[in-house]
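Next come two complexes, and both contain chain A; in the first it sits with chain B, in the second with chain C.
For the complex of A and B:
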């Protein structure tokens, strides 16, 4: 019999894993907005595309090398690399042309991308949900049963968060990106090629999202329409945390993910309403978010 | 002195001409074209087959929907991705009252039907008031995000409230009264309502309030500086836009004989954005022309392929990248792309 404490812990872990996915998608969204001032409506659609690509790669590997769960690792890595390339291409071919335009045109461009990507997925993969079955037995922990893969997911999330922090704060390129968040003109005046930074940041955001989609494949089936669910929650996360702030995005993901998970327990269907309540409160009291700076408003 | 009066008269003449030109630019279409379109809209039901009439009704309803959106986008300068919510609220208000009056049968009286249509006005206005109360505190990107978020929230409420809205099944079997079941009559009925609503929209756009909205679009701080209560103006406009969208939605349900939660969804919210963009947001006629093109394309493209989003997405992409002013700005080459100098 699961006790109250054990169901609490299990809910906490499922919330944490959800928070990790939100963070991985929202951090890219936040970085892209921070650096390029582009709100990438299509981010979750690219996340979904990344999931499908990883799924197909895993299937191809399974046919080539026989069924084995560990083949998921190269599939995720290769899928991430593929989506990095696709992100780079999208920035080069489409997004780049809209920097001179105003906000509505940029929003429309990425909005049109949602439609195109969604339909391309339908065209290539059909309408069924896809998931990968890994032969993992739930282990007994905290007086209940829990899928050990959850811990891998949470570990991956923290790992990427740490890597992202290291990249942004300890490497030369990361420092350039952070400088670009503050002032593009100044960075460009120092002789750094801003266009390359733009393409790199966009591709990196897409790649991180694709990575998270791949990691989540064994515990969450992907299907059409999930991208709209996710993008709205990611907007909530990014707005609550503050645009361009990775720390804010991380904290907000934890808040939203864990709240979501617990509200399913207490008030099913009310999860979204609670997130919205926080979102609206933050937007009205502190529109630049918990960790953002007022300057970027 | 006669020598001086002549140049003065001349300059008056040129001023008058430029004023007329500017007036055309604002409408987006010249008088004869509007008259021709108006005449054509009267004879659409006489075309052979029911298909043109059905598409015609859709065009009329959706052009009102797009026109309501352009109050927020073209005039007030904010991008709303949640306009479908009010379209859906209007549709559901009418559908629920119709179902109540019908009480299981397919009969409904004329008075009851008109009452059901009228109910859409307060319901969508109230919805827009509540959403707008929060939205008008924000501008730009935050306005867009929150409008989309509210739209999705309302969608989920309708989607999951099985006992009241029927959830994802929607409500089937909403019938207009006997005479209006014929698409031809329903077409003229819709035409009359949409014509009145369009006239009202036109009056709003020419009123001092309409110019206040343009001022809000161009510079909010200055607008506040000259003594306009910008929150109130934005809220009033948002409620007006929501109400017009609600009226459009009210007409939609009885025509399709059903309503479903997708009427509040993001795709529905996106369609007026696309229509307005295709037509040209800088013109009053933009959303209407856009609705015409969008709906006709939709009606004929979906005969050949199920990949309508792919098609419309590609069209939007091309328009954003190469014709950012919309179709009317290509026809009307006088308009510069500069947002500051435009006058819709």
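For the complex of A and C:
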């Protein structure tokens, strides 16, 4: 157990940053499933691809303008836009063909995408890990040292959560998306082009993933296999929160992140087991997740 | 095939390896490397059977980052041997690359395929100890030689020992004991009293941590182990572990973390200020990491590595490896520990065949067991009871030097711990561990 308030607060902060990292990756996955009913197994691979794209953009900017940390901001934004385009293209060329099929076909297609994206990354960037160096120095807070960049990660997590909420509840397009979740036939009958909605949502999910990969680059080197390491925990978060529920994904990320953080301190050997214990419990008691609806289940 | 065609084929192969290695590339490079390494055969001797070697290394998964340079150097060494006609001057080496994906089941499947389909007589690899131990079962069954270096769980040469497997790098146990030697010295110097450990929760991590803790307990019984922390292989966020360690406030942390995870940990630990108050001796820092993390690596931390070129530039074979590598891949490129160890493995095979006077597996195996071979670290014996090369471990403080564009271990204070000082002391003790196949 944390022996003092300082340790407690630092561990809580670590848990919060882990939660936001999970949310940033998992929110796109949840959004895509919520609207399109597509279990995008390749989501983390697209996240990884987004990281590599952002890395290359940062390198390109650095050649032109010198190595400055602030260049990461345009690199992340441009990388997000690029990945939005790639996501749109993938939906139009590949994903739309699976709407008529069942889950196994979707899984097969998206698993094939993992292999293709992995080989593509190897061909373009090679097998070496890639990283962006920012001269981050620890700061004193809560009676100890913390990484100040984690404030940015946490801020981005809350920012994306707020932006998604605003988009889904306060914009016309968002309301159409929510309506499509409940009845795509009715939305279509109103003359709204469902394929365009789907392509937009898929591209948005991929773009959020790419954005998060860019944000993580200064604290997490990217490399082959990272996608597979992440996807399992992302699925756990989405299942606990309820597929398709952004609020659920957010709350589940907080639960998983913070619980994991304190488990590391209290019972290091069982930290991961606790997460999956929660997952199993949720699946038994409430299979549609904490904030999911029975209808979607 | 004309000389220019062959040169083109060779260039394409190396370009492919230089850029990236994928499953498809493996198929291409298998063929191309075979052609390339057979070139001298056509030029000199056309009658002898080629000697086929399977190279089983990951180009996907956690180990991919450490496989690049071994995959690049092995064709250079094979071509060098083939320029003399091959093994015994008449058996040109053919290399057949396969990706084990850092997965034991895939490694075992590919090893079987290499033996049954490609008819290889030796397998060189792997990266992961779990994969190596799965492959050991296959090579033992088929009586095929296995030369390993990167995968270095002590179990490979002890509990899971097979006489067909040879280890060309220090085992995790040897490295952990070498770290104990350095840490014991630091404990006395700095008055450290308590420590914590953080390891990757898989075969190598568990083994390295266990040996370190056991041996430190013997060497410095008053030093208290506060807590053992375990992170999963492929952990992306060490923040919780770092803050947990900082909350414990140990004098030092022992880490059994490797590969991409090691880089992630170091980057996050530095940002979180872990190294400001807690020493981190014995972090695994192969030359790969020193080069790749040139900008981010915290200076002053004490790392351990297995076969650094910069500590052995007075050895003729190391000079040769570095020259071959730089000539082919550019002046800024250097072979890492893994490339050097696997180059030694291939050269050892050459020496074993020469000593045996044949390329027959049993004869080569017997000639290598207990032999003293020329390596890039000088002349070193292979232990006859478990086929472990008596190779040193290197511990040193990370510092910048003008000679290289990346940090190295401080040459003035570097500690070189000899293999025979830290391996399982007697062959009787080794044999007691080798119960599985006895």
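Couple of notes before you dig in:
Heads up, the rule we're going with is that the second predicted complex is superposed on the first by the 290 of 297 C-alpha atoms of A that agree within 3 Å, B and C clash if a C-alpha of one lies under 4 Å from a C-alpha of the other, contacts with A are read in each partner's own complex, and residues count from 1 in each chain.
Note that a residue touches a chain if its C-beta (ideal position, glycine included) is under 8 Å from a C-beta of that chain, and two chains touch if they have at least 3 such contacts.
Predicted model only: the values in this text are computed from it and were never measured.
Superimposing the complexes on chain A yields a three-chain arrangement in which chain B and chain C clash. Residue contacts after overlaying the shared chain place A:272 against chain B and chain C alike. Between chain B and chain C, C contacts the larger number of chain A residues. Of the two partner chains, chain C is the only one that A:146 touches; chain B does not reach it. By the touch criterion defined above, A:118 lies against chain B and chain C together after alignment on the C-alpha atoms of chain A.
Looking at the shared chain after the overlay, A:78 reaches neither chain B nor chain C.
Of the two partner chains, chain C is the only one that A:261 touches; chain B does not reach it.
Judged by the touch definition given at the top, the superposed model places A:13 against chain C, while chain B stays out of reach. By the touch criterion stated above, A:284 is placed in contact with chain B alone, chain C being left untouched.
After overlaying the two complexes on the shared chain, residue contacts for A:228 are found with chain B and with chain C alike. Among the listed stretches 4-12, 22-30 or 274-282 of chain C, only 22-30 clashes with chain B once the two complexes are superposed. Within chain A, the residues touching chain B in one complex and chain C in the other are 118-119, 122-123, 228, 269, 272. Taken in their complex, chain C has these residues touching chain A: 19-25, 59-62, 64-65, 67-68, 102, 227-230, 232, 234-237, 239-244, 246-247, 260, 263-264, 267-268, 270-274, 276-277, 292-293, 295-296.
Every residue of chain A that touches chain C in the complex is listed here, in rising order: 2-3, 7, 10-11, 13-15, 17-18, 21, 118-119, 122-129, 131, 133, 136-139, 144-150, 219-221, 223-226, 228-230, 260-261, 264-265, 268-269, 271-272.
Within the complex formed with chain B, the chain A residues making contact are 33, 39, 94, 97-98, 101-105, 107-109, 111-116, 118-120, 122-123, 228, 232, 235-236, 239, 269, 272-273, 276, 279-280, 283-284, 287.
Across the complex, chain A is touched by residues 73, 79, 81, 134, 137-138, 140-142, 144-146, 148-150, 152-153, 156, 160, 266, 270, 273, 277, 281, 307, 309-310, 312-314, 316-317, 320-321, 324, 339 of chain B.
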